[in-house]
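My questions all concern the structure below.
To keep things simple, chains are lettered A, B and C as they appear, and every chain counts its residues starting from 1.
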Amino acid sequence: MPLHPDRLFPIEADARSIARRLFCEVERLPIISPHGHTDPLWYAHDEAFPDPASLFVKPDHYIFRMLYSQGVKLEDLGVPRHDGGPVETDGRTIWRLFAKHWYLFRGTPSRLWFEHAMETVFGITERLNESNADEIYDRIAGKLDEPAMRPRALYKQFGIEVISTTDAATDDLAAHDIIRKSGWDGRVIPAYRPDAVIDASRADFRANVERLIALAGTSLNYKGYLEAHRNRRAYFKARGATSSDHGHPSARTANLSVTDAAALFERVLRPDVSYADADLFRAQMLTEMARMSIDDGLVMQLHPGSFRNHNATVFAGFGPDKGADIPRSTGYVEELKPLLDAFGNNPHLTLILFTLDETSYSRELAPLAGHYPALRLGPAWWFHDSPEGMRRFRELTTETAGFYNTVGFNDDTRAYLSIPARHDMARRVDCAYLARLVADHRLDEDEAHTIAHDLSYRLAKQAYRL
Amino acid sequence: MPLHPDRLFPIEADARSIARRLFCEVERLPIISPHGHTDPLWYAHDEAFPDPASLFVKPDHYIFRMLYSQGVKLEDLGVPRHDGGPVETDGRTIWRLFAKHWYLFRGTPSRLWFEHAMETVFGITERLNESNADEIYDRIAGKLDEPAMRPRALYKQFGIEVISTTDAATDDLAAHDIIRKSGWDGRVIPAYRPDAVIDASRADFRANVERLIALAGTSLNYKGYLEAHRNRRAYFKARGATSSDHGHPSARTANLSVTDAAALFERVLRPDVSYADADLFRAQMLTEMARMSIDDGLVMQLHPGSFRNHNATVFAGFGPDKGADIPRSTGYVEELKPLLDAFGNNPHLTLILFTLDETSYSRELAPLAGHYPALRLGPAWWFHDSPEGMRRFRELTTETAGFYNTVGFNDDTRAYLSIPARHDMARRVDCAYLARLVADHRLDEDEAHTIAHDLSYRLAKQAYRL
Amino acid sequence: MPLHPDRLFPIEADARSIARRLFCEVERLPIISPHGHTDPLWYAHDEAFPDPASLFVKPDHYIFRMLYSQGVKLEDLGVPRHDGGPVETDGRTIWRLFAKHWYLFRGTPSRLWFEHAMETVFGITERLNESNADEIYDRIAGKLDEPAMRPRALYKQFGIEVISTTDAATDDLAAHDIIRKSGWDGRVIPAYRPDAVIDASRADFRANVERLIALAGTSLNYKGYLEAHRNRRAYFKARGATSSDHGHPSARTANLSVTDAAALFERVLRPDVSYADADLFRAQMLTEMARMSIDDGLVMQLHPGSFRNHNATVFAGFGPDKGADIPRSTGYVEELKPLLDAFGNNPHLTLILFTLDETSYSRELAPLAGHYPALRLGPAWWFHDSPEGMRRFRELTTETAGFYNTVGFNDDTRAYLSIPARHDMARRVDCAYLARLVADHRLDEDEAHTIAHDLSYRLAKQAYRL
C-alpha cells in the first residue's frame, strides 16, 4: 500500500485539516540530526551499500530482536557471532526469513520506517511477504549499485543539513578527517562519547584509560586523566563536534572534593574495583563533564537507564547491542542534584536529558527542565521513538515544561535509510499534537505554525549549537 | 438503556465504521478462557444458581469493595464472616442495598459487565435503581430456575470452547473428574497453582507441604518436594491442564545451587522462617517451575505485585479475597534475570507475564517480551481489565512487542455471568484500537481483520497450547 | 483571540455537542474552593491590588519558574531576594520582560488561566506580546483602582460560595477574625496546616513547637504537644475550619506506642535530630492527626511527594516556594498502612489523598480509595492541574474508584484571578471526559448531567463538610 499522505494525523476531519496545513510547511525542512550512530566511514568512502539483508536486517536491532523474540535464531539472520562461529551469509536467504516474519512488525514504528524507505528510496509500495520476498530483494539489490544510492547522494536526497556521529573518546576521527579533506560539502560531525573511559565496570576500562592518556600525552593520575578529557574534547571540537554524550546505567551524579575524586580514580583503576566505586566514579565524571562543557561549550547529553546486555546467552554469543538492552526505573531528582547544585543555574551549560522511563516525564523531567536554566529535554528515546511514544512525550511534558525546554528531534539511529522516515514521523506526530491543541482551542493556529517549525528544525539547531 | 451496538468503539465516524467491520467478524468467535476462577463444581453438578444476590453481589469483590468504600458494611451485603458471626442472609434485602448504591459504578467496567449480563442473559434493559430493585430481583430469580440457566447450558450459550479453572496443587481435582466422566462435551480444565505450597510466609505452609508430599508419596526433603511438584503437575496434566499459575508478591526469581536450595528448603519449613528466606524460596521456586515447564510443557503464568489483604480489619473479619488487595510497584528487569539467564532462550518454555503496575508495560515488559523467546505478555489484568486499561495496554506495548508477543484475552473471573461481557469488552476495545491504527494509516484494514481474529481467538489458544 | 466557547471540549462533533450540553448546566454553579492559598488579609482589608506585575508575575511560581528556566533572572522579575538584595521594582519593566517571554507558555495551563482572567476580568482579548505590553499594562493598571476590582467584589463576581485559606498551626487567624467581624457575607475559612510544628528537619522546628505550646498553654512534653494540637484545631474550627492539611515529603505513616512516641518527641526536639527520627515523627503525627480528625471532625488532607527547594542557589537567594519544588516517586501502599490499620475503616475519618506521582493513580490510589471507607482522592494536583493532567486523573482512577471516591476540584492557588479560570478548566475537562463516556455508550447522558454537577459542586461541599 502506498504511503498515505495523512498518516499519523488526527482522525477527526477538522483536526486532520489543521495537521495537514501545519505539516505541509515543515515537511521539506532540512534535517538536523544532532545525535545518531551512522558510520562516518560511509560518508568518507562513499561506497555502495551491500545487499538488502546487510542494509535492513543484520545491523538493525529493532528488527532482529523482534524476530528473535518469536524464535528466529540470530545466526539465521546473519548476525555475526562473537566467537566467529558460522552464521547465514546468503543475503537472499536472510531476506526470505525476514519477509516471512514481516507481519510481526504490524503496529510498530519499524514497519512505518521500513515502508517509508521502501517507497521513497526504492519506489516499492507492495507490502513485504514470503511470496514477494525475492522480487523485492532483486529490486532493492538492483538499485543499490546506482550512484544515487551512495551515502553522499542519499545525504543530499534526504535533505540533511548536518548529521552527528557518536565516537569513542579514543577515536582518532580519521573518517571525519577524510570527509573534511574530501571537499564534499556535507556536514558530518563527531560527538564525544567517553563511556568506555569512564565506566570502570568494563573489563577494558584500564586499557581504555591508558590509551586516552597516551593519546593526550598526559599522566596516569586524576589530574592527567581530566586533562586528557579536555584535550580529547578539544580534538573533537576542532573536527566539528558540538556535543558530548553519556550512556550511563543511572542518572546519578556526584561532586566530590578533588582529593576524594583523585583517590577514587586510583581505586577504579584496580582490577578489583567495587561496584560502588565504579558507580560513584561514573557519577563524579558526569559533573566533571558538565564543568568541561561550561568551559568548552560542548552541549552535554545524558542517556541513562538502560540495563545493557540483559540476555547473558546472547551477549556471550553475539556481543553488545543485540537487542537485549532493557530499560529500568530511572530517577532524576536526587540523582542529578549534585551536578545541578554545582552548575544547574549556569547559563553556559546545556544538559539534555533523555529517559527510557516514561514515568519521569511529568513527575521529574518536565518539572526539572521547567525550572533549571541548564536543563533541556531530549525527545522520546529508543523504545519510545514511535507515534504513541512521541505523543505521550508531548502530552506529559508540555504543560509543565512548555515547548521551548525541549530540543526538537533526534533520530539516534544507525539505520541510514530510516533517517528521513524518522524525521517524517516526528514531524507528523508533532503536527498532530499541535493540531489537537488548535482544534480544542488551547492554541491559535498561527502559533502552531511557528511551533511546528521550531520543533522540526530550529530548536535542534539552537540547542545543539549547530 | 439497551446495550448500544457501537459501545466502546471510536467516537469519530470513519474509525467507528472500521471498528464495526472488524468487530462483526470476531463478535461470535468461540470463547477461549485460559485463565479464570470459576468453580469446577458448577460444571460437575450443573445445579441452578441461587438467588440474584448470591450470584451478583456476595461473591464479586469488584462489587463489594466499591460499596464498602462508601460505607456499606460487608455484613449487610451478606459477605460471610470468618468467625461465623451474623450477616444478612435475605437475598432481596442485599439486592435492595446493592441497587441503592448502583450509581457508584458509573464509569466502571463492573457497570458494563453487569448490564451486559442483565440484557443478554435475563433480557433486562432497565438501569438498576432503588425503585426497580424488587422487580428486577424477581425477574432474575424467576429465570434462575430454568434449565437454560444451569452452568452447562450457559457454557454453551456463552460459546465457550474451553475454560480453565485455577486449582491448588493439593487439590484432588475430583470435580474435574466428575466433569470428564459425565460425558458432557464441555472442556473444563484445571491449572496448577502451587502458591500455598511455595509461600512459606503462610501460617499453613508446612501443613500444605506435608499434604503435597503425602499425596505424591515422596519424602519431606528438597528432592522429595520437587518430585512431588513433578508428580502433581503430571496429575493435573493428565486431567487436561496446560498451564501453571503463580501469584507472588513480586517477580523476583533466583537460581541457587541444589545444595543451597535444599538448605533453604529446610529453613523455610521451620515455624520461625524469616521474611528473607520465604522470599528467596518463592524466587527459587519460580525458576524450578520454569525448569519443570520445559520438561512437561505446562505453560507458566506469573501474576505478581499484589499486596494481599491490605486491610487488617477486613482480613480478620472476613478472610482473604475481600477486595483489600492493593497493587504495588513491581519490577521485572533485575527480578526475572536469574530465571531468564537459565531458561529465557529455551524454545520449550512459555512464561506469560502479568502486571498490576502499568508503568512496567513500556519500560520493562514490552522490551523483555519483545526480545526473549520464552516470554509473552498476558493481557491487562484485574484493576486494568477495563476499557481504558486495555487501551493503555495496547498503546504501551504494541510499538515495542507487537501483537504477537501477547496472548489474547483472559477473563480471570469467578463471576460466571460476566465472562461473555468481558470477552465482548476486550474484543471491542481491541477492534477500537485497531480501527484507530487503520484510520490514521498505520495499518491496512485487511491486516487489522487478521489481527482482530488473532487477539480474539487464535493467540490464546496457541499460547496456552490448547 | 477571544476565549472560544468550545475550548477543551472533545474535537469530534457529537461528543462536543454532549460536552456543551453538560457544561452549560454547570458553568455558572457557585465555586467551592476547599483548599487554596489566597491571603486572608485580602478579604479582611479589601484593598486594591497593586500593579499588574505584582498581581500576575511576582507571586506566581508557575510564571517565574518557566521564565527562569529560559534564562530570565528572578531579580529582573521583581522576585524579592531573601537577603534583601536589589531586585527590579518597576512594574512596567517587569511586565515588558514577562510579555516578551509570554510565548514560552504556549501549551501550558498558565496560558489558559491568564487569558481567561484577561478577558473575563479586564476585557482584554489580545494575545500578549512585546509590542502590546505597555498598552495592556495600562489597561489592567487602569482597572485595578476600580471598586469592582477589590477582593470582596471579585469574590462575588467569581461566584465563590466558600473559600479556604491555608494557615500555620500557630497563626492567630486575626485576618479571619476581621473578616468575620466585618459583617461581610463572604465565607472565608482557615485550614489547619501544622507542618512547621511537625517537621523536625526544619531549622525553626523547636521554636515553632514552643510557640504552639505557649499559645495552647500546655507543657513541653509529648502529652502537652498533642494537647496543644487539639487546642489549636479547636481554635481553627471555631473560626470555620473544616479541614487540616499536611505537606510531607512522603506518605509514610507510623503508629508507635505512646511511650515510644513520647521518647521520639524528646529526641526530635534536640538540635542534632537525625533524619530517621524526623521522618518517623512526621509519620507518627499523620496518624495522630487522623485520630484527632475522628474526634473533632476536621477533614484531613495529605499532599506528599514534593522535594522542596531543590535548587540550592535559588533557595539561598530567594527562599522557599520559588518554583524549585520537584515531585518524586511516591508510594502509598506500605506507607499508609499503619494509619489505615488504625483508622482506615472508621466512618468518622475522611482522609483526602493527593499525589504528584501519576503512576500511583491506577496502581495504588484508586485501589486504596476504592476500598477503604476513610479514603478519598483529591483532584489532579499542582503540575497535573492542567487539561491533560486532569484527563489522565479521570482515565486512571474512575474505572477502579468511580466518581464518588473523588472530591471535586481544588484550585489550590495563591493567584486570586486564576480561581474562576481554574474551576472553568476543571469543569470543562470533566464534561469532556463525561461526554466521551456518553459518546461511546459507557454512560447515559442523564447520568452524565448528574455527575457533572457532582464533580463541579456537590462532592467538594460534601467531602469537605462545608
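A few points about this structure:
One rule holds for everything that comes next: a residue touches a chain if its C-beta (ideal position, glycine included) is under 8 Å from a C-beta of that chain, and two chains touch if they have at least 3 such contacts.
Here is each chain with its UniProt name: A, B, C = Uronate isomerase.
If you're wondering where the values come from, they're calculated on a predicted model, not measured in any experiment.
Look at the contact of chain B with chain C and you find different residues on each copy: under half of the numbers used there are shared.
When the CA atoms of chain A are superposed on chain B, the rotation angle comes to 120 degrees, reported as a multiple of 5. Centre-to-centre separation between chain B and chain C, using Cα means, comes to 40 Å. Counting partner chains per residue, chain B shows two or more touched chains at residues 10, 12, 359. The residues of chain B lying in touch with chain A in their complex are 10, 12, 14-15, 331, 333-334, 337, 340-341, 344-345, 347, 359, 362-364, 366-373, 375, 395-396, 398-405, 436-437, 439-444, 447, 450-451.
Put simply, chain A touches chain B in their complex at residues 1, 3-4, 6-12, 65-66, 68-71, 103-109, 111-112, 127, 307, 310-314, 323-329, 356-359, 383-384, 386-389.
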